[in-house]
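Read from first to last, the chains carry the letters A, B, C and D; within each, the first residue is number 1.
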Amino acid sequence: MGANPDLTTTVAGLALPNPIIPASGCAGYGREFAKHFELRRLGGLAAKALSLEPRRGNPPPRVAEAAAGMLNAVGLQNPGWDLWAHDELPWMLEQDVILIQNIVGHTVADYVELARRLEGTAVDAIEINLSCPNVADGMSFGAEPDGVEAVTAAVRAVTRKPLWVKLTPQTASIVATAAAAARAGADAVSLINTIPAMVIDVERRRPVLRNNTGGLSGPAIRPVALRMVNEVYRAVAIPIVGIGGIETVEDVVAFLLAGASAVQIGTAALVHPTRPVDLVTDLAVWCRSHGVARVTDLIGALELW
Amino acid sequence: MNTGRLEQTALVLANVRLSTAAVLLELRLPETAAAARPGQFLMLANRRTYLRRPLAICAVDHDRRSVSVAMEAKGAGIRDLMNLVHGDEITVLGPLGRGWRYTDYQAVIAVGGGTGVYALPTLLEAARAARIATACVLGFRERSRLVLEDRFRAAADTLLLASEKGGLDVAGTVLDGLRALDPALLGRHAPGQVLVACCGPAPMMRAVAAWAAERGFACQVSLEERMACGFGVCRTCACRVRAGAGDGWTYERVCCEGPVFDAADIIWEEDGDGCES
Amino acid sequence: MGANPDLTTTVAGLALPNPIIPASGCAGYGREFAKHFELRRLGGLAAKALSLEPRRGNPPPRVAEAAAGMLNAVGLQNPGWDLWAHDELPWMLEQDVILIQNIVGHTVADYVELARRLEGTAVDAIEINLSCPNVADGMSFGAEPDGVEAVTAAVRAVTRKPLWVKLTPQTASIVATAAAAARAGADAVSLINTIPAMVIDVERRRPVLRNNTGGLSGPAIRPVALRMVNEVYRAVAIPIVGIGGIETVEDVVAFLLAGASAVQIGTAALVHPTRPVDLVTDLAVWCRSHGVARVTDLIGALELW
Amino acid sequence: MNTGRLEQTALVLANVRLSTAAVLLELRLPETAAAARPGQFLMLANRRTYLRRPLAICAVDHDRRSVSVAMEAKGAGIRDLMNLVHGDEITVLGPLGRGWRYTDYQAVIAVGGGTGVYALPTLLEAARAARIATACVLGFRERSRLVLEDRFRAAADTLLLASEKGGLDVAGTVLDGLRALDPALLGRHAPGQVLVACCGPAPMMRAVAAWAAERGFACQVSLEERMACGFGVCRTCACRVRAGAGDGWTYERVCCEGPVFDAADIIWEEDGDGCES
C-alpha cells in the first residue's frame, strides 16, 4: 500500500504514462486545457478530428441536452491539413504529451492521404474515426465489417505508426467490426463513438439540432460502451481504448476491468475541465487503497458470472 | 487568461427577486470576482441537467467577493437555478469569454432587451468609472418585467425604458427608444468615438446594429448560442463571422471569440438558420 | 379549444382509443395495473413475452441501475403457452383492452407455431420480439435484415392478425431492418427494444447482472429511439410504434411528431405505476392547450431543418 | 389489495439518527399508515437514482398518520435518502409485498441482523397486541451499531443482543444468541406453535432456518433482492422457490409473493448464485 502504484500502460506497444486520455473532439488541440494543467500529466491527447480540406462544420445549434448526456452535431469542424500542420501540430508537439491524431475522410483515399502525410510527422499514433458517412453509400464506414476492413487495410499500407480504429456502436456486431479492424492490421480499437440520436423541440415541431440528428455521448451511453469493450475483449485479440460516459475513477476502473488498456474522457471534460487530470490522481489513490500495484493488473480482470 | 482552476465551488449568498419573472443569484466566488470583466459570463451547474448553463455576469461585489447572475424562467436548468437558496452550493466555470471592448470610446450607448439586459450593468459601471459618457436604452415586454432600474439609472447619464405595451418612458421598441434619444447627446462625440453595445434577441441586435451603422457608430453585440463547454474545446457554440476576403466567413466560438463580437463581423442568419440569438 | 381532442389512432388498420400502450415486459399480463386503473383506458396493452415452453428466466440479480435508466436481464420469464392460454388470456380478454401479445422463440419454427396458435385466439395483434438470440448463430434475429425478413415472412404466412415486428437498435441500419420487415409483410414496426449493455461492480470485479449483460432502457435511450423512429418514418412506408424512455407528455408528442402512430411506455411505468394512464389524460390536456383537434394530426408532423 | 393510488407523495416529518451508521426517516403517509401490515415495504424515490429503493416499514404511527423507514449508508440512493430533512417531499410506492404470517402462532421469535432488524419491530408490536408471546434476538456488527433498543425491549418479552465484537448480551452471532435463549421459554409451546421470523444477511437466515427446522419451529424469512418496480410487473426480483413435485422450483417475485417466504420453500443459492440476500 505504501508505494506509489504504477499507472503506466501500453496500447499495442505505445507506452503511456497513465491510461487517461481526453477524447477527440472534446479537447480541441489541447490549447484550452493547457491553460489549466500541463498536458504531459495525461496519458495522451486524442486531438480533434483532422481532414485534408478545412471543414466549417454544421450550422448551429450544434448541441442538445439529453438525459445523462448530450447530442452534438459539430460536423467535424477543423482547419484542414495545411493550417493544422502550420499552427497546431508544432504547438502540440512542444507539449511533450503522447499525441494521438484523429482523422476523418469522405473516401478511403482521404484517409490514406492523411495517414501518408502523418507518417512524416512526430505524431505518436493515428486514430481513424469510422463514424463518418461514406460518400459512396451514405452509411458510416464503421457500420459494416467490410467498410472497416477496407479503410483500415488501406491506411495500414501507408503507415507504420500505431493505428487505432475508432468504431461506431451503430452496427449489428461490434465484435465483427473490431475483428475486421484487427484482420486489416489495426493496432487497437477505440470503443465507442457517439450513438446517432435526435432531440425534438415539441413547441417548434423541429429537431433541436440544425443538423436534425447528432451523436449521443455522456453517462447515458456508458453501459453500452462497457458491454462493447468487454464483448470485444473476449472475442478479438486486439488492445482496446475504452470510451463512453466515463466520469469517475470507478468508471475508469470498470473499463479497465472490462478489458480496456486505456480510456478516453469526452463529455465529462466539457462539464469539468480538469476532470481528465483529476482522474489521473484519483486513479493512483484508488489503486493504492485497493492494493493494486500496477494499473495493468486491472486490465481484463473482470470475472464473468 | 485564467490560469487557476476554471471550476470553482460557489456558495449561494442570496436569491433576490428582480421582477415578476426574474431572479438574481449572488454567488461567493472570490477568484472570479477579482478577474471578471464586463461582458463575460459564467457556466453554472445545476441539479437537473447534465450540461451547465451560460449566464452573463450581471454584478461583481469586490467587498463581498461575490458575482451575481440574473435569469428568467426558461427550461429545467434555469428553473433549478432559480430555486437555489442561501447556503446552497453549486459549481461554476468562469469568468469566460471576451467581453465588451469599450475603453477606446468616449461614449457608450448600451442597448438591451429581454434577458440581454443583464450583460449591461457592469459595462455601464465600468464605462462610468473610466469617465466615458453613458446612455442606456432598454426594452421590456411589459412594465412588470422591468429590472434593476436603480442600477441602470445610477450608471447611465441617460436612461430610456421602452415597452411596446406602454407604461414606461417610450411606447415601442428599443429602436423607438434610440430614436427618442436627445440628438444633441448623440452629436456630442465624433461618430467613431461612440460605441453602441447591444445584447438581446437577434432581430433586435440586427436592427440596432443597422441603426448604429447608419450613424457611423461602432457597434458590438453579445451573442447567445447553445454551449456544451463554454471554454472553447467542443466547438458547439458556432457563430458565422466574416473572415478573409469578399464573402468569406468562418464559424467562430461564441464562448471564446465572443460572446461580444463587432457587429460588422457578424453574418446574421435567417430565423433559426444559424445563431439562435 | 373547447372540444375534447380526438385521441384515437390506428396502427395499420387496428384502431386504438389513444396512442398510449404499456410496453411488453413492463406490464406483466396487466393484472397489477388493473388493481389501480381500468386497462380499457389505455390505447392497448403489450403483454409480456410469451414462448411455447415455460421459461424460468435468468438467475438474479436481474436489474442494475444506470444513468437515466436501468439494465434488465429477466430472461423472458413466462409461463409458456399452456398456462398462459389457461390462466392469463381469458382474464386479459375480459378487460376489454386492445391486446397486443408479444412473442419470443429460439427458432423461426417457434415464432411460427406461436403465431399459428394465436391466430385461433381473440388477441388483437401479435408483436414479435426479434431481440432474442437465434439458437442457430447466437446473434439476435433482428441484427440483420435477413433474419428479420425470415422470421417476419414465416409468421406472416400463418396469421392474418395485425403483425408488429419489434426491432433491436443493435444493427447497422434500422432502416434496413425495418424495410426487411415491411417487405416480409409486417403491418407495423415497434421501435426500439433495449440496447445490450453492462454495468460492473468494481469492488467485486463482476458484472452486477448475473447474466453479465442486460438491456438498457429508460430516458438514456430516448434520443436514440427518437432518431430511429424518424429515420424509419422517412424511409419506409410502414406504421411505427415508438418505444424508448418515454416519461412525459412532451416525450409522447415528440415520438408522434417523429412519425410514431402510437407509443409504448416501459421503464417509466416501473417507477410511476399509473404513468401510462396519466399520460392519456396529459395528452388530452396537451392537445387542447396546443389547439390540436386530432392526435393523428401530430403523426410525422416534425419539420426537419 | 391496494386499490387506491399506489404512488403517494410523502412529506418528511423527521430524520432521526439511530446509531453511528443509521438514520430513521418519518414520512407523512396517511393511506399507507392505515393499510400497512408487519413485514411490508415501501419503494422510495430519491434525487440521485432512476429507480426507487426498497425499504422495510419500520414503524407506523396512526396518530401522526406516518410511516417510518430506517437505513444505513450504502450506495448513492440510500445516501440521498439519508440527507432528506423535515419539509422535503418524496414520492413513495406502498405498502408493498406480503408480510409476516404470525397470527396463527402462540409465540414469535424474531431474529434480525444488519439492516434486517428494521423489518421486525412492527411484527413484535403486532404480535404483542395479539397476545402472542415474543422473543427477539438481534445481531449487530458492534455496539455502536445498536439501534431501536427501547422499542425492541418494549415489544419483546425477552431480548438478547449479540455482537461478535462483544459489548452486548452475547459475544457471538445471532445463532449464539438463539442458543442462549432460556430452554424453558422455548419449551413453553408446542414446536408447531412457534414462529421464527428472520431477516438479515442470507447466510444468517439460512443458519437460523436450519436451527428452527431442527426444533420443529415454523420459520419465515424476509428476503432482499434488487428490484426495479416493487409491485410485480417487471419480474426482476426473482427468488428460487420450491414448486411442484420433487426438485421442482420456480422463480417467484420477492416483491409480491414475498418479501416474507416460508423458509422451507426457499432454495438457498450459493454465494452470488441467485438471491443476493
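Side notes on the structure shown:
Note that in this section a contact is a pair of C-beta atoms (placed from the backbone, for glycine too) under 8 Å apart; a residue touches a chain by one contact, two chains touch by 3 or more.
Just so we're clear, the structure is a prediction, and the values are computed from it rather than from any experiment.
Steps from chain B to chain C, minimised over paths through touching chains, total 2.
Mean C-alpha positions place chain A and chain D at a centre distance of 47 Å.
For this pair, chain B with chain D, the centres built from the Cα atoms lie 58 Å apart. Our note on geometry: chain A versus chain C, Cα centroid distance of 33 Å, whole angstroms. Per-chain Cα centroids separate chain C from chain D by 36 Å.
In chain A, the residues that touch at least two other chains are 64, 66-69, 206, 210, 218-219, 305. Chain contacts: chain D has residues 272 touching two or more partner chains.
If touching chains are joined by edges, the resulting network of the protein chains shown is an open path. Contacting chain pairs (ordered by label): A-B, A-C, C-D.
Listing the residues of chain C that touch chain A in their complex gives 64, 66-69, 71, 139, 143-144, 170-173, 195-200, 202, 205-207, 209-213, 216, 218-224, 226-227, 230, 245, 250, 253-254, 257-258, 301-305.
For chain C in complex with chain D, the residues that touch the partner chain are 25-28, 31-33, 35-36, 48, 56-70, 72, 74, 77, 206, 210, 218-219, 267, 269-274.
Residues 1-7, 45, 49-52, 77, 91, 93, 225-229, 231-239, 250-251, 256, 269, 272-276 of chain D are the ones that touch chain C when the two sit in their complex.
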